[in-house]
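Labels A, B, C and D are assigned to the chains in the order they are written; within every chain, residues are numbered from 1.
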Amino acid sequence: MSAAQETERVWAALDGFHIEVPSWGFANTGTRFGKFVQGGAATTIEEKFADAAEVNKLTGASPTVALHVLWDLPGGKADVPVIQALEKKHGVKSGSINPNLFQDLEYKFGSIANPSSEIRANALAHLLDSVEIGRALGSKDVSLWIADGSNYPGTQSIRKRIVWMEEVLGATHAALGEGQRMLIEYKPFEPAFYHTDIADWGMALELARRAGPKAKVLVDTGHHYQGTNIEQIVAWLLHVDQLGGFHFNDRKYADDDLTLGSIDPYQLFRIFHEILNSTKEDQAGIAFMIDQSHNLKGKMEAMVQSVVTAQEIYAKTALVDRARLAELQQACRLVEAEECFRTAFWQDVRPLVREWRKSRGLPVDPLKALTESGYVEKITGERESKNAKSVSSYA
Amino acid sequence: MSAAQETERVWAALDGFHIEVPSWGFANTGTRFGKFVQGGAATTIEEKFADAAEVNKLTGASPTVALHVLWDLPGGKADVPVIQALEKKHGVKSGSINPNLFQDLEYKFGSIANPSSEIRANALAHLLDSVEIGRALGSKDVSLWIADGSNYPGTQSIRKRIVWMEEVLGATHAALGEGQRMLIEYKPFEPAFYHTDIADWGMALELARRAGPKAKVLVDTGHHYQGTNIEQIVAWLLHVDQLGGFHFNDRKYADDDLTLGSIDPYQLFRIFHEILNSTKEDQAGIAFMIDQSHNLKGKMEAMVQSVVTAQEIYAKTALVDRARLAELQQACRLVEAEECFRTAFWQDVRPLVREWRKSRGLPVDPLKALTESGYVEKITGERESKNAKSVSSYA
Amino acid sequence: MSAAQETERVWAALDGFHIEVPSWGFANTGTRFGKFVQGGAATTIEEKFADAAEVNKLTGASPTVALHVLWDLPGGKADVPVIQALEKKHGVKSGSINPNLFQDLEYKFGSIANPSSEIRANALAHLLDSVEIGRALGSKDVSLWIADGSNYPGTQSIRKRIVWMEEVLGATHAALGEGQRMLIEYKPFEPAFYHTDIADWGMALELARRAGPKAKVLVDTGHHYQGTNIEQIVAWLLHVDQLGGFHFNDRKYADDDLTLGSIDPYQLFRIFHEILNSTKEDQAGIAFMIDQSHNLKGKMEAMVQSVVTAQEIYAKTALVDRARLAELQQACRLVEAEECFRTAFWQDVRPLVREWRKSRGLPVDPLKALTESGYVEKITGERESKNAKSVSSYA
Amino acid sequence: MSAAQETERVWAALDGFHIEVPSWGFANTGTRFGKFVQGGAATTIEEKFADAAEVNKLTGASPTVALHVLWDLPGGKADVPVIQALEKKHGVKSGSINPNLFQDLEYKFGSIANPSSEIRANALAHLLDSVEIGRALGSKDVSLWIADGSNYPGTQSIRKRIVWMEEVLGATHAALGEGQRMLIEYKPFEPAFYHTDIADWGMALELARRAGPKAKVLVDTGHHYQGTNIEQIVAWLLHVDQLGGFHFNDRKYADDDLTLGSIDPYQLFRIFHEILNSTKEDQAGIAFMIDQSHNLKGKMEAMVQSVVTAQEIYAKTALVDRARLAELQQACRLVEAEECFRTAFWQDVRPLVREWRKSRGLPVDPLKALTESGYVEKITGERESKNAKSVSSYA
């Protein structure tokens, strides 16, 4: 590939690459053992919008922010005008709407899969509210992460709970408006330990199909068993036209919610390849979102770092010579195919990405620009007193 | 539950419990590092039938033997009369028919997912032969384990291979006769290491549905990632009416093919519970098969031990008070539900099983009866010279 | 074995079996996603002693309660008289002393392995306080769970941190009095995700030896990689005379802290076998402790259930015919050895355990006795208002 | 870092980088399901030497070849002159000596941990032969991979087997000559499934220490549980001065023996960093060896590819600014430290490596040079008839 072709490919890829940032990625989070509070963490939806706008200003790639209904719109639909004002003020839009069905005490034994029809009705009501909020905000996706499950064998009927979920998800689907979708996430364990009602992509796919055509599957890269080939699941979901989007993060063992590409960057490259190797139509329907919990790294730093890493690895993937690769794969010329594939991974795309940033009027080095902007110091000064001390789930 | 009720439940369960034994379970097998040859191992299909008949005589639970086309019917359809004569002679019937698409050198880069249309055609031809053999033998199931996959990222197109598999499986399904089924097995890895084309139950389910109504999913209990909740997959397959059957074995880490119930007997109890907790119609379509590779234990001993263990754990499961359990689950009385469930697991059912054996004219202690019969000594004497020395895949 | 011999073995085993309960097992806990608060959860050290005493009254097996310095003795040494008064009042003694080096904000980047010598000094001071508290209470063990580690490659020097740990642990060891021990726990991940400074038994063993002869290794059954053979680690620690004790719990995937024996009871049986198969001297130095986090089950129910399960599986293990087993193992008679081993697992020991309870003046069915006592209702009434609502690490 | 500094660092690193190739990497291997035979695979020790010499000619990095006693010196010591003649003829030297204690039928229940003292004596005799062969060949290391273990709980005494291993390893150590070492490898499972006698680095370390000062631990990168932090184990072994060397390969799930760096190249970078970050003395004692089983890729292609990948990733590692990294780690400036670390990983070192190759008179592109040399065609022509068809452990 000539240098000009490389530039063209990378620039085209970056122009088309957007990745949503989560509002909760700017707030304090932690593990069950404790929450290490940061002075600059966002504590209000206004602060989260400000932070998201700053990330977008630095990277040019994150024009939307995912909202969490319970934490960001505690007043429900009534808070929509507040959000709309923030969108206008900060120049970033609302992205996916994330209901919360795991925190309230009544969901102890499940939400949409709870044996109690009353509790399931409450869960449905929250989902319908979320759909309405999404419609009012012009947001495309309602993203459902259902934490339901059980901790001990024999304590719940796995099969009955499937039926209950189908009912609630069907009713939620029926409320979706024109242009709205619901994305169903899966996760093998945590916070439920013995069985999680939507444990893998097969279960999410069944539920999505049963719910209706506007339901798709959401892949969180951290929600798989050890050794799972995630890019293969991506290929299958593309094949059956059910890939709704991603929650990107990385992990070493469980659902660690580490910054994207930090543990296994080659895996991210392979996932991106399945996407770029698919048709434009396939690609159009895929939402890219970050879902991370930076409990040690600085919130703003970590978010900028993640977006930059995503851009760089996406740029690498764009450099795969897919026509040549297809020939080598067809001929089963294994070593040549592998080398053709990973030569793009080994290429240092950072100079090309810098050029693109410059041409688009963006800072050449977003992390450095963040430091130099003094933004973190500023918000720390403003927010420090609002951020309390470490809290453990134990004490 | 009264003692009489317990007896009734256990006897009814055992009367209805059959588990197929695999012909290859009587032959020498090993690991890639070597094959530890046993003097009494079966080397011919005649010997395998004799051994299977002996297991059935001792346990009363294994009236059918799974056949492996390549090893047991090397002449293909032409060998059907040989098999029929053996059925008549030994009083056990042919069970599932197992094609082999992994051993021939041409399948190095895949069989039904091979980029070469010629090789795929050969694979299809073997599948169609297997279907015909099944029909000729009056066997219900053709069991497909597809070992296809790739070892390195980028060396094959995961997506194109899905399409190729769909074509071959569709054509195979079209050839199935009245009363015939095809069972599609899944496995996450080995012998392919980077990606296996049918890696999990979701992929097997998609392929089965696409193939047609006579295609179902086959669950091998050793073919899952660490930590997978297998009984939940069973519940889902029952829910969508796609559970074709089981290959039972146990494992500690990978696909170890150890004797059933030897590592985690409680898991087997939970799997059986999902089955016994389903309707009679659900249960009617489920084939139970053993698929083990006893490379250290004596072949005959291990097979009898596995069948006996299956019977005993099935009997335990039959003792679960399912009505009471359903109430406790509905009320989310967790500890009581768990205790209700596992009190059946803790019950020592061996006296009840012995009574049943006696009443059915079977040996009270099948393992002891095997020893006392002198069968192993007899076959060792007859076969020893035919069983060569250890062979490694390396040397 | 005759019935009389069985009774003798089981009774002797149960008479010698004690398992410590953790004070935090009576308090509210949860996951990072939320804490489901129970009305009857203990909120004060007084309440924890009361609950522990009740468990001991019902089971006869838990005469000591593990204390957590930060939560139970917030005043440090000054709180020793409070504890002593509670011991006297409730008739249960203080067990192991558990320092806390993970919750304070200054431990964000580590405690005893923190690059800051000042922070390491603070950690050491807390450890020395814990040693003094242990001495003052006449408690044998200080149990160290060190949560230190890092989340991202390259962010910390793994090697330097080893040296820092050695220094602090050495200084702690030097302060141990006559009859005191320090137990060093290991854990592969969580809350650190990329590297945990004491990740496995090999690291714990190295640190224990370097610290000195009063340091031993503590095995938490939930702190292993998937597929690990825990009983083998137990055998090795016994072999090198470094097994200090256990934190018992069960898990399906990660460190789920489920009630003991709930997921894989056969594994617990195998662990107990390694212990009962060792010498009396070996056994004398092993502390049995429960470390669980019952965030869905009722606190009191779950704790009684765990102690009872431990007793029952320990009783099963006592029934292994170890002399016969050794012969069969020596002769490599695999199937017979396995059947000899697990016949004890299959035996229903509950009648024998009930007889023992009766003979010792204990309730025959501890869980039922708990229900009938009205204890849970009583404490719920007393404590309900003190137990706040669900708290998430996110919101 | 200036360009000149980068060149200097990379060239110095490459000049010092040697990685041993295994004789069995040129021969046919497979999985238990079959062996896909290659026409050009080596079938004699002469052919293996020729192939190894070719790899060294192309890469300049593999001057030694690991020998497998059973396969390469079937005559034992008597074959030493044959090997010496081959060394002279081909210009590559014998590297580590690898005994085989897993293939012979008598090792079915173990070799150095077998309950039979007679079989243990035979195993010791083979080890002593291997030591003598090593001495005669002037080879430094005898590499012990002990496949011993058991498949089922209760069938063997884990503890007694520890003692037996200690005895045999001690006797082997006693026979080591001046300058000889024994390296003890560990592996969690396969071919033993329930328990492997030397399962992890902790066990290998204990045995090495007990054997004596010339015994060290050998790390095979594929021999770990999922999620294990291998670079941390490397750091610990360096810390305790017990790191003898590596068997490099990559894997996705189990011990897949894939080509090095093919699945997780960032992990290899992290492992190399622990080494380059240690002292010259530490580094001097570390043997780098490839241990792979290319059952789909062409043997010669795969070996050259592995050596080249090792060189390139080692070169990347050499570019880490270790002084700066240490400062950032000390200051807990996480994001900066991580970026400092991985900027070296992202750098495309291939131009620098090409320059080094040219300067050393080596082919600029070893894989291309292999193709252009016609070597594979030549050996295929010579060897094809000697390479039989696929063989399965089943049939």
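FYI, a contact is a pair of C-beta atoms (placed from the backbone, for glycine too) under 8 Å apart; a residue touches a chain by one contact, two chains touch by 3 or more.
All of these numbers come straight from a predicted model, not from anything done at the bench.
Common neighbours of chain C and chain D under the contact definition above: A, B.
In this structure, the chain pairs B-C and B-D differ in their number of contacting C-beta pairs, and the larger number is found at B-D.
Taking each chain's centre as the mean of its C-alpha atoms, chain B lies 40 Å from chain C. Averaging C-alpha coordinates per chain places the centre of chain B 37 Å away from that of chain D. Under the contact definition stated at the top, the residues of chain D that touch 2 or more other chains are 108-109, 151-153, 188-189, 194, 226-227, 229, 252-253, 262-263, 266, 296-297, 334, 338.
Residues of chain C that touch chain D in their complex: 109, 115-116, 151-160, 162-163, 188-189, 194-196, 199-203, 205-206, 225-229, 231-233, 235-236, 238-240, 266, 270, 273-274, 277-278, 325-326, 329-332, 334, 337-338, 340-342.
By the touch criterion stated above, chain B contacts chain D in their complex at residues 24, 27, 29-37, 70-71, 102-105, 108-109, 147, 150-153, 188-191, 193-194, 226, 251-254, 256, 258-259, 262-263, 295-297, 389-395.
Of all residues in chain B, those touching chain C in their complex are 226-227, 229, 252-253, 262-267, 296-298, 301-302, 305, 312, 334-335, 338-339, 346-348, 350, 367.
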